[in-house]
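Paired with chain B in one complex and with chain C in the other, chain A is shared by the two complexes that follow.
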Partner chain A sequence: MKKSIKKILLLVVLLLVVAVSLAASPYGEREIRVDGSIAAAVEQASPGDILIIPEGVYRESGITLKTNRITLRGEPGAVIDGEGNGHILIIKADSVHIEGLTVRNTGLSHVRDYSAIRLEGAAHFRVNNNRLENNMFGIYVSRSAQGEVTGNRIAGGGARESNSGNGVHIFDSQKVKVSENHISLHRDGIYLEFATSVEITQNVAIDNMRYGLHYMFSRDSVYSGNEFRRNNAGVAVMYSRDVVMNDNIFADNLGPASYGILMKEISGSEVAGNRFENNTIALYSEGSSRVRIENNSFKQNGWAVKIWANSTDNVFSGNAFIDNTFDVATNSRQHYNTFAGNYWSNYDGYDLAGDGIGDVPHRPVRLYSIIVERNPVSLILHRSLFIDVLDLAERVMPALTPETLVDEKPLMKSPLP
Partner chain B sequence: MKRVNQALLAVAMLFLAACEPGPKEIMIGQDECAYCRMTISDKPFASQLVSTTGKAWFFDSVECLAAYELDERVETDRIHSRWVPDFEAPDTWVNARAAHYLHSEELRSPMGLNLSAYGNNEQAEQNRQSYGGEIKAWRGVLELVNEAWLDGRRNVPATAE
Partner chain C sequence: MKMNTNTLKLIKYQLRDVMRSRWVLFYLAFFILITDALFRFGGSGDRVILSLMNVVLLVIPLVSIMLGTMYLYNSREYTELMLSQPVKRIQMFAALFSGLVLPLAATVSVGIALPFIWNGVLLSHIGALGYLLATAVALTIIFSALAFAIGLLTEDKIKGLGLAVVLWLFFAVIYDGLILLVIYMFSHYPLQQPVLIMSMLNPLDLARIALLIQFEASTLMGFTGAVFQRFFGSMSGQIAIVLVMVAWISIPLGWGARRFIRKDF
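Here is the complex of A and B:
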């Protein structure tokens, strides 16, 4: 009896040893402390190595990773300083992880896109919890797939827009997750060009010089739960399709050409549950079609919605329009979009039926907004009695405002908390 | 009397010269592209179209300028001139019809058709050797934009040289 227990124990121990050695050898997580040059350590690394970078300032640039399955892990205080010499970390291999590093000072160029961390043809990458400071481009993802960019703090130099690049730049790539990053003082916070299936969640883009987020020629993407604040021109979604934009905050994007969202030539998309506050133009739509705009709150914007007549088949429902100077503005009497069941704080109808829906249809386009569209200087008449009388007369007998742009079922109470 | 007349003529000519419409300053980071609505932020690509009455439309890229003209957003007889920046000296305006263009994937423009403009052919050629691509004249630019963006639906004017 004792013998058999011993045998079993021996077997278990043997198995354990085999298992541990299997796990360790070919896929061994060899931890190597970098001593001196990171470039040299990267050169000598073999697949599976974890390079630990101790505290200190490493004055290096053009560090190129070509070996698969390498982790670069910075200990607190580990800084790579490019000293203005161009790209700093270039990743041309798969399954590379970069974490805990501070990377700074790429320098500027008018022909090259100098980047702190650049991924070229990389798959399964992870760039997590780094600090990127004073770089032209922060994280540049080019022709790569299936990666994640999470928890980084990215701040550009912010000096001159014409020479600064984007915080996170994704070009011709697929299946990238960008989440929980804080991005400021770059040209665009997050920029996508020819990207597919990108998920952008829980990021904060603030004080960027052009757009907080910028989509160009991209499709099948989601951005939700992000905050876009005080960017010079807001968020632009252009020439893209099937974009889901949910539960974001667009605030304080102020200026002559500033938007919460600028939508240009977008189709089949969704804008839902967002908060638009204190923007010059909260939502601008030109040449966009089949976009559902639902359950958003538009509060205290200059223009809540500016929708050009070449936008068609868009549906606005369940939104709350509260205290905007103009709720809806357009450039034509022709109109091919639907407004139904929204709440308008300046609705002056009544609900005798008591079903929560106003008995009188609401016309959200003020005559004054059309006058302002044609002659911007007339903004000076804002809040004058003259304009109130004009608006009232137009509401009673519409002559210039779009006849079909009517909410037949205006809500008596805001549907949103 | 003759001298007075000459002086008057000189003054008149000065005034006329001053009235000739020309390129205006583009506020980088403020002005919006008249074609694509993007905020203009890249000086080496920022272009403009000037009307006979001196009104200017600004564009963030050479391709947007070309598309605006092809789309006939301005009546052809109202166009006075088109201006593009020299890629290597972006403070210099070059008449778009006289400029040389490099179409190179390596020099990415804001709207993705990757056209950069040059005042002289040597510079264009030098950048072609550095970055690759193809050199085009204004007509070639119009043809490229017509094919790439407008499904070849527009007519490239025969006078576009």
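Here is the complex of A and C:
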């Protein structure tokens, strides 16, 4: 009787031990609390390890991670301070996961791109919920694939544009998800070059020195639900194709060369459901073709759409143009794009048929916008009665504005809330 | 002391006279109605102010100069009567001018401010509204002064009214046409400075630009706009605006006063 109880007890204890060890590290992962140097801990780690970094300031830089399947997890208050020396964290392995860390003070250089977290040739990486402060580059993804960068708070040092880097920099990489980050005071908030299939969603880019998002030679990418505010030049999408830009907010991008979106040589893309408010130029298009611009709202911008004559086959429909100084501006009487079924707040036609579509076509290009295009100084006459008279005369008998740039079916009511 | 009481007494009489005629009430109703309508259709205070800007720039100069000219001609007999009393001419002139400008300026301010009060956005927009009203009052004074100058230039009522319309047309439309002409003729030269100075010389343009800088910055943030913005938005720019406006009040008024004093009634 006594023996059997002992046996059962032993069995229970054994089972408990197994259960606890299984729960603690499923699939054989070890949890290691870093004590002292992170670089040393990273050096000794073996695949599958979870390195927990306790609260404290770690004055280290150039920490290089070369082992696959490592997790670096910062506890609240864990700070890695580079003290101005070069890169801070360099990842050259696959399936690495970095979360909860505060990384600050990379080096500054005119020649090298020092970054807080740098991924080189890494696949399946995850960089979540970190705070990056006062770095040259925040997260630098180079020649990597299939990763995600989410929930990070990235603030640059706010130095000059020439020696400041980008918040999230993606170069020659594929299938990267960048979402829910907050990026400010960097050169470009998010920068993409030669990237494919990148998804940029729900990010906020504010007060960056150049572009909120800068997009070069990239394709098949999506950016949606982001907010770009008060960046010096807004968002630039250049030399790319098949880009989807939906449901973003572009606001308060004000300045001599400021845009909501600058599109240069873009083809086969979609711009839909975005909100443009109080930008100097909301949408600027140069040499772009086959872009569908639908259901956007343009409110109180200086120029809602500035479209160069070398842009062709773009379609504007279902957009609402409300209280912009200039709804559409262009530089030629030749025009090869389509405007149909938009709402124009300064449309003065009527709807006798009662079908919600104005009976008189609307010409969104004011004569004054052409005058300003040729002689920018004439901007000083804005809102003058004389200019209103000129505009009216031109609308009655178009002589200088593009004949073909007409919305034949202007909406009587804004299609957007 | 005696001079002041005399002037005040005259102003009081003038005001009572103006109140008895109905145009001030119409003017008040006009501003209340249009501001309230803008609130009903447009909504937010910012947009209302932006729309009011056009009304202020268009209506106030026209009404001030037309009403002012007519007012001066209509009070001719009364003026002659008063001048036969022991009243100094300069006192009479001051009373006439105040009797026109005070009700006009008060009407505009009250008419615009009232709807802001009952829509509950007065305090949140007090800065922008104050700027708009200050400009409106300045325009009222300037164009009333011009009206007095016209009224004292010619005795002929029809001629005077015609002159008032032409002068308004000149400042509101023709002058800007001339600026555009200059811009096109000299488009190969750096024109920012000359155009800036030219537009400063027209009180209507000046008021328009002062308001633009405050309320529609997004347009003016373009490259050329930035130059104007930098000048007019700066302290010295604001001072320059005030100085030019003061000049536009004092020169026609001073000339008018001189003529009034020497005039053979």
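We adopt the following convention: the second predicted complex is superposed on the first by the 390 of 417 C-alpha atoms of A that agree within 3 Å, B and C clash if a C-alpha of one lies under 4 Å from a C-alpha of the other, contacts with A are read in each partner's own complex, and residues count from 1 in each chain.
Please note the rule applied: a contact is a pair of C-beta atoms (placed from the backbone, for glycine too) under 8 Å apart; a residue touches a chain by one contact, two chains touch by 3 or more.
Because the structure is a prediction, the values reported are computed rather than measured.
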Item to check | Joint occupancy of chain A by chain B and chain C, clash or fit | outcome: fit
Checklist entry - For A:256, is the partner it touches chain B (first), chain C (second), both, or none of the two (neither)? => result both
Next on the checklist: Just to be sure I read the superposition right, which of the two partners does A:232 touch: chain B = first, chain C = second, or both, or neither?
Outcome noted: first
Checklist entry - When the two structures are overlaid on chain A, which partner does A:386 contact: first (chain B), second (chain C), both, or neither? => result second
Next on the checklist: If we overlay the two complexes on their shared chain A, which of chain B and chain C does A:211 touch? Say first, second, both or neither.
Outcome noted: first
Checklist entry - After the fit on chain A, how big is the angle at chain A between chain B and chain C, using C-alpha centres and going to the nearest 10 degrees? => result 80
Checklist entry - In the superposed arrangement, does A:220 touch chain B (first), chain C (second), both or neither? => result neither
Next on the checklist: Taking the superposition on A as described, I'd like to know which of chain B and chain C A:300 touches: first, second, both or neither.
Outcome noted: second
Next on the checklist: Going by the contact rule stated at the top, is it chain B or chain C that touches a larger number of residues on chain A?
Outcome noted: C
Checklist entry - Which partner does A:120 contact after superposing on A: first (chain B), second (chain C), both, neither? => result neither
Checklist entry - Looking at the overlay, does A:323 come into contact with chain B only (first), chain C only (second), both, or neither? => result second
Next on the checklist: Which partner chains sit in contact with A:378 here, chain B, chain C, both or neither? Use first/second/both/neither.
Outcome noted: second
Checklist outcome for this item: After superposing the two complexes, the shortest C-alpha distance between chain B and chain C, in Å, is 9
Checklist entry - Just which bits of chain A does chain B share with chain C as contact spots? => result 255-257
Checklist outcome for this item: Residue set of chain A touching chain B in the complex reads 110-111, 113, 161-162, 187, 193-194, 209-211, 216-217, 232-233, 236, 238, 255-257, 262, 264, 284, 286
Checklist entry - For the complex, which residues does chain B have touching chain A? => result 28-32, 36-39, 41-44, 106-108, 111-112, 131
Checklist entry - Of all residues in chain C, which touch chain A in the complex? => result 47, 50, 53-54, 57-58, 172-177, 179-180, 183-184, 187, 191-192, 195-196, 199, 205, 208-209, 212, 216-226, 228
Checklist outcome for this item: Per the touch rule, the chain A residues reaching chain C in their complex are 254-258, 278-281, 300-303, 323, 325-326, 371, 374-387, 389
